[in-house]
Each structure stands twice: as structure tokens, then as C-alpha cells.
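Quick one: this structure, given as C-alpha cells, is what I'll be asking you about.
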Amino acid sequence: MSERIVIDLNCDMGESFGPWKMGADDAVMPNITSANVACGAHAGDPRVMRRTVRAAKQHGVSVGAHPGYADLQGFGRREIQADPAEVEDSLIAQIGALAAIARAESVPLRHVKAHGALYNQAARDRRLAAAIAAAIKAFDPSLVMFGLPKSPMIEAGVEAGLRVAAEGFADRSYEPDGSLTPRSRPGAVIHDPEVVVERAVRMIRDGIVLTVTGQEIPLKIDTLCVHGDTPGAAELVKRIRAGFEAAGIQVRPF
Amino acid sequence: MSERIVIDLNCDMGESFGPWKMGADDAVMPNITSANVACGAHAGDPRVMRRTVRAAKQHGVSVGAHPGYADLQGFGRREIQADPAEVEDSLIAQIGALAAIARAESVPLRHVKAHGALYNQAARDRRLAAAIAAAIKAFDPSLVMFGLPKSPMIEAGVEAGLRVAAEGFADRSYEPDGSLTPRSRPGAVIHDPEVVVERAVRMIRDGIVLTVTGQEIPLKIDTLCVHGDTPGAAELVKRIRAGFEAAGIQVRPF
Amino acid sequence: MSERIVIDLNCDMGESFGPWKMGADDAVMPNITSANVACGAHAGDPRVMRRTVRAAKQHGVSVGAHPGYADLQGFGRREIQADPAEVEDSLIAQIGALAAIARAESVPLRHVKAHGALYNQAARDRRLAAAIAAAIKAFDPSLVMFGLPKSPMIEAGVEAGLRVAAEGFADRSYEPDGSLTPRSRPGAVIHDPEVVVERAVRMIRDGIVLTVTGQEIPLKIDTLCVHGDTPGAAELVKRIRAGFEAAGIQVRPF
Amino acid sequence: MSERIVIDLNCDMGESFGPWKMGADDAVMPNITSANVACGAHAGDPRVMRRTVRAAKQHGVSVGAHPGYADLQGFGRREIQADPAEVEDSLIAQIGALAAIARAESVPLRHVKAHGALYNQAARDRRLAAAIAAAIKAFDPSLVMFGLPKSPMIEAGVEAGLRVAAEGFADRSYEPDGSLTPRSRPGAVIHDPEVVVERAVRMIRDGIVLTVTGQEIPLKIDTLCVHGDTPGAAELVKRIRAGFEAAGIQVRPF
């Protein structure tokens, strides 16, 4: 009897701020297995954090920290010439803030996924990747570090002795070297739900992704990121799950 | 053989921010026993937090969190019409951020002291005081809650089952009801070092303080706050310690 | 031949921030005559400000500044113990920032309306009201100051030699003294569109409003505030305009 | 009779924030001719802006805007991957805020000098330089744009039809191409006052600067920047002025 293929479905959550709403958290939460919760730097505030952790708990969703640059206006998507030591300290504080909120709700923290520009910079800059790994290790070495497959992030996590999870993106276009096509480039985000579902299945079942240039490249992932802030996000997540069901892929927390 | 009188000397520390310096932390740290470290809301940032925790560790000073309103420009000194639930969540996040930084330096967190306007409002508003106590309890019920003697802060801490520490201020003027004279009022801050030392000794040895109206009122305290952001702060702390020495009062962490 | 009754319809606009959207500005703009544009302190950012001014220009809507407390997370709705001189300087800077954006779009600035908690505090605190008036006068004494009828705001504006506009709220409940029922109180916001339209017409045609206690009190207003951040806001504004049409009230900029 | 050589002496001023002080503004102000006043984004707040403009007025010092990235914690010194349109709007708002404060003090605004990372990026990125020029032009085309000689900043200013002022730095080291040695590099800042004075005189009298590699390169400047946030800043400015006096160089506003 063959073992079933399993995958974790993660989504960035809790990215509202003060009076402003972001994302379809309520609709997405029941359909994911890991929530990356914003920590108040690029988005989120303590009340949003708490509400989000509570919702995750209610749906049995695993909770992780989603720290980013302290740049609300830019939503953590502007690259910043950041000193690695500064990034390390900032991430310790952000992870600690979310962990405290989670503790108040008796929810364990499971993973850390860097956000936006920090994620992208760390996917090519070993010193930043090492700073993220150092922050996680300093706070709690049992946390899983999410990162782009084969990137310095994964390497830095492994080197720090952390458990790592290679992450794939169903609705993002890939370059031949396995990096993500920058959002500023046309075609960076894939909008056709059918294509997204098909790519997700191929990625997980076959370990293969089609690049923006039309090549098939191998891509082994442990967790698949779905987005909650695009129109129809919740519907798309459901379709992805249905696609997995049909393909015999089991969705469960990392 | 009689037991010696003991007192904890606390000081607000780590209130620099980014490029801006505040206080004479380096000079004060060796002379205090508890450091209330700002958590990034009214002052402080992750790097300042880490540097401050390191300095405290080096001098064997006990570390506590010093959370306040998220109002950098007003330095947490402007009263804000705050929702208690919002305050609770904000404090959990702030305490968690500092605790994480402290953990990265293998330093245990010992106490929590609210800052500025939040402290003052909680000293007269039971719902805010309860929110502070709830935050501490949710994060770590073994932490000591600092507060104004006989105020709702102490009551709320006790009611939540926390250990509490009644706090006195050597350089602040008191009202007949035991509250502090507001900073906006003339005479609120006492500048003459000799008077400050004398008041400190009377407070701790005799349990008595002279009010702004000239009365003597009883005031039993567990920890004495000294200020690090006034000119001559470090010198004043040394004189207070010398005064304690002469009066047979032992200074040691709470 | 009798003169037609005229009224200005104003709405708080440009309260999005960074990646976060607020309000139905696009749908509301074509139906109002004055836009109160957030200045980046309680909401708004330079890009949002510019986009909003452009939209106002396109629809021939008069542009005013909508300054508030520098409290993004609280959306300027938390009362702050503010020093009047500090408020004055902050408002000069905020009005100046918006005026500069308006100048870049060749749009004149016409009025200033304080936001949220600042508006509410100034409606009962003469020193704050005077600070607002002083800021307007210092920047441009030809700007119209909006305020609650018969409140210190209007008095302070008049005393400073400014033109003032008494403002009414169609969807807010009034106290017998003509102040607004605080948002925290049940019934503070009126949700039934029919009631709102009826109140709007009575306010402008008859100069009368029904208080929360059931009394009719006189209320003479120059501009009516409609809200753009409630569900169905755009629809409600259209119904109010239709109600005015039917009642022979003409809507035009102040 | 020969014409005297003249130079403008500018200094970044008003970089305090809330409770935090920065620089020796009081001591430096009497000795400079142009003050670049921070606009609340990288430093400064409305009260600091007003206080600084007042001090400049009192000493007959010309006032300019000193806008930067909205990054208080990084003091505007961290390079940010900024969208030029975003920079343009941000600068219009910042210049407008300071101009409004200046207007409240009846002081005309004379120039604009970008701060820190924005200055450095614009000195090599034509699109950013053009965004700065566009902001100035949109707000007031009579303002003088400061920039690094021969850099895209000066070119962009000229192309926009603005008056420009080439700026030199007496205490900064230069690269052979006329750019500044990055602050992160050793030797980027020159600390020996005698060397600084000598370099200042050579720059202005002879139009020559010695690079970090030991070459002499031509450098024609209209305004010399002195720093107010280094120890001994005020003393250094006085020595520079004395050096100019001795060399027959007249110091006067641009």
C-alpha cells in the first residue's frame, strides 16, 4: 500500500491594521493548515494578531509568525538596505510579540515565514537569510523556518540547525533558476484559477513547475502558499483543495 | 539581631530610539537593581532593547518590561482614551517582544512596569489597571507587577493573583491621597539632590513621605524609582545609594 | 420669487493608507460638493492624497483638509490629552502637506475640517478649538473652518476672523444640547436610510433636528456631512440628494 | 578690483523628534547661512520644525526643506527601493508641511535638499533625481534644488528648469568620480578639524578636492554642507568660517 502524498497549505493572515481590513481571513482560514500571522511591523496590530490566532485555533490551523520590515505604508514590500544584525533583533521582537499573543490564547507557535521584500532579499542574500535563522534559533530552535527551495534561506536554516520547509507558490510565476518572477514584472502573478490548480498539483504530485520561459524544472516543496488578499482568494483555495483531493494529495499541517 | 531593611532600585532604561539617545543608561545601570526596559511602543527599538538587556545582564541587574502607549512622538506621556482590551493586547505584544530579546540573551524577565500616561491612568482607573494585570497574567503569571501603592494597579495585580511591588518615587512630589503630583504642575519634580536623598531614606526607613501640602503620610514601598533622563541622574543615584548605606538600608533586586 | 435653499454636502475622503482601502470614494465623489481629504496623520498618505485631490478635481468637488491626531492605528478616533500648541503646529503641517498636493494638481484648498477625536474634543474644549482656528489663520485666513453649530469650534473660528461653516450630520444622533451622541453609545449612528434622508431634509429645510431623547431642537447648518465608510454609503448619498431634490433644496459647494 | 569669492554654508537642522534631541542647532545656527529643516519624515516633528524655523529667522538664516524617506528608526539613512512617483508625492507633502510652518512664521522657503539615503540614491539614479525635481517644480519652481555636483540631481534640476546649487562636503571623503565615499566605508568622515578647514578652503577658493585615493579633482560648488550632529560641530563651523575669513571667502546665503 503506497503512502499518500501530503502537503501543508499556508496563507499570510492577520494583515489588517487598525481600522483597515485586508484579505478574506474568515473565508480562507477553514481551508488552510498553517497561518502565517503578521506581527505588527509590515501589517497587523496586537488586536488583529489576537483575533487571528483565535480564529486559527478554532479551525485547528497551525500558527506561525510572519515578520517583515517595519514599513506599514509600503506593506513590507519595499526592499530596504537592511543591516543583518538589525533584522535579527527586529525579528526576535516580532516573533516574541506574536508568540506572546499566541500564549495568551494557549496556542503553540510552529513556524516562521519572513514577509515580502525581506523574504525576497533573503532568498538571494545569505547574510540576511542567516539573520532570519539566527533570530528563530535565538527565540526557539524548535520552530520551522519557511523559505524558497534551494535558496540561501533554506541553507541558512539548515546550517543553524533548524527544521526547514521548502515553500512553493501556486499563483506565482517562476524563473528558470527557481526564483520567483518579481511582482513588478508582467505575468508574475497567475490569475487563471484552473492554471493555478494544475500548477499546484504538478508541483506537489510530480515535483515539477513550469517556468515563465516555458521550461519544466524540478521543485520539491513541503508547504504551498496560497494568497488571501486577492479577489476570489477563498474560492481559489477551495478549488486547490478539490484538485488535491482528486489527485490523491492529502492536506495537513507541517 | 535585627533584619536589615532592603529596597529595590528601579530605573526606566532603553528609551533611546533609532539614532536618538535618551538617558544616561551606561552610568546609571551599575547603580540600580532593576531595569524597566522600554518595549518599542513609547520608546526603544529592537536594537536598543537588546543592547539594554545585555548591559543589565553584565551588571547583574534584574530585567523587566516597561510597556507604554504606542506614541513615540509623545513619548507615551499623553493620556489616551484607551480601550482596556486594546491595552491588554498591546501589553502582551510588548512584553512578549522584550521577553524574546531577553531570551536571546539568556536573561529571565522578572517584572512589568507600565510607562508614563498609561501608569498614571491605571493608577486611578481600575479597568485599565485590570487590563495591565490581565496582560501580565496571560503572558507569565510569575512576573511581578509594579504599581503605585494603594492604587487600583496594586489591587488589580493582587486580584489577578500576581505578585505586586509598591513603587515610590524619590524625586516626585506626592498629593495628600498618595497620588503623584502631575508633571504639568509646578513642583511635581524635585530637583535638589539632598532633598531627594532625604525623602528616599524616609520613605524606605520610616515608611513616610511629605506631601506637596506639607503633610506626612504613610507610604510603604517595595521598589524605589530613580530617573535616568534628568541631568545629573547618575550622580543622584549614587548619592541615593550612599544615603541608603548610611541609613543601613540594603539595595537588592526585588 | 423665493430664493432656493442651498446646502453643501461634505464627506471625509482619502482615508485609505498604503495597501489598505477605506471608504467608497469613487462612488461617493460624484455625489458630494466638498471633500475633506485626510492629511496623512490619522489616515491617508501622499499618494492617496494626490489620487483623492485628482478625483475631486475631475468631479468639480471643492477640496478641504481633514487633519487629525497622528494616530493611524486608532484612526484618530482615540481622544488624546493634547497640548493646544502641539495641535496647532501639527495642523499647520497637515494642512500645508495637503495644500501642497492640491497645488501640484492646480486645485485650490477651500476649507478645513478637524477629524474624529480632535473634532469632538474641540467641540467642547475652547483651547483646542482656538488652536485649530489659529492653525487655519496662520496658514491661510481665507479657508473656511467647519465645526459643530454653537460649539466652541464655531466661536473660535469667528473670533479668529475666519469664515465658518456649521456642520450637521444626517446619520448621527444628537443630544439635547446639540452635541453628537458619542459613537460608543448605542443609537449613535442611524442606519435606516429613510430616517437619515428625512432627518437631512428637516435639518436643512426646517432647521430642526430630533434628539436622542425625542425633543426637537433648532439646528442651523451650512454643510451636511455624509459618511463614505459605511456599507451602502454611496447609495445613501444618492438617496439624500434625491430627497433634497424633492424638497427643493439645492446642493452646491460652500 | 576683484570680486570676492562667496559661499553659502548649509547645515541639516531640526532633526530632533518628540522627546529626543539631535544636533547642536542652537550653537550652529548663528554660524550658517542656510538651514535645511527636516520635514517630519526621517526626523523632526511639527513643533521641532516651528522652533527651528523661528531660530533661523532670528539669526537671518535662509530656510529650506530637508525631506527624506519616511523612516524614523533608520533616520532616512537606509536605502529603500522607492517608486519615483511615490517619492515625488512624499516630497511634495513634506515640502508643503515645512512651507506651511515657515509661512506661519512669515519666513520664505528658499531651497530643498534631499536627505540621507534619498540624496545618495538620487545622486546616481536619474529617475529618483527627476522625481525630486518634479516635486520641487510642482510646489514652487522658484525654490533652489541642492545636489551633488555633476550628478543626476543637478542635471534633473536643470532639466526641470529649476535653479540648482552644487553642494560640497567639507568633512566627507570623495571618490575619484566625485561621489561621496559611503558612510559604511572607513575614512568616509573626516574628523580632524584642521584637515576639514583646509579642504573647505581649497574646495571653494581653488575648486579642487583631494579624493580618498589621493588625486586632486575639480569640484565647483555653490554651497558647503557642515554637519551639526557630530561632537564639536559648532566649534568646527566656527573654525571653517575663520578659515574662510583668512582666505578672503565671504559667507552669505545662496
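Order of writing sets the chain letters: A, B, C and D. Residues in each chain are counted from 1.
Rule of thumb we're sticking to: a residue touches a chain if its C-beta (ideal position, glycine included) is under 8 Å from a C-beta of that chain, and two chains touch if they have at least 3 such contacts.
Keep in mind that what you see is a predicted model, and the values were worked out from it rather than measured.
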item	value
Subunit D against subunit C, contact positions shared by both copies (same if over half, else different)	same
Which of A-D and A-C has more C-beta pairs touching across its chains	A-C
Intercentroid distance (Cα basis), subunit C paired with subunit A, Å	41
Subunit A and subunit D: spacing of chain centres that average the CA atoms, whole Å	42
Residue numbers of subunit D (touch at least two other chains)	73-74
List of subunit C residues in touch with subunit D within their complex	40, 46-47, 49-50, 85-86, 89-90, 92-101, 103-104, 135, 138-139
Interface residues, subunit C side, partner subunit A - complex	16-22, 43, 45, 72-75, 77
Residues of subunit C touching subunit B in the complex	70-71, 73-74, 78-82, 117
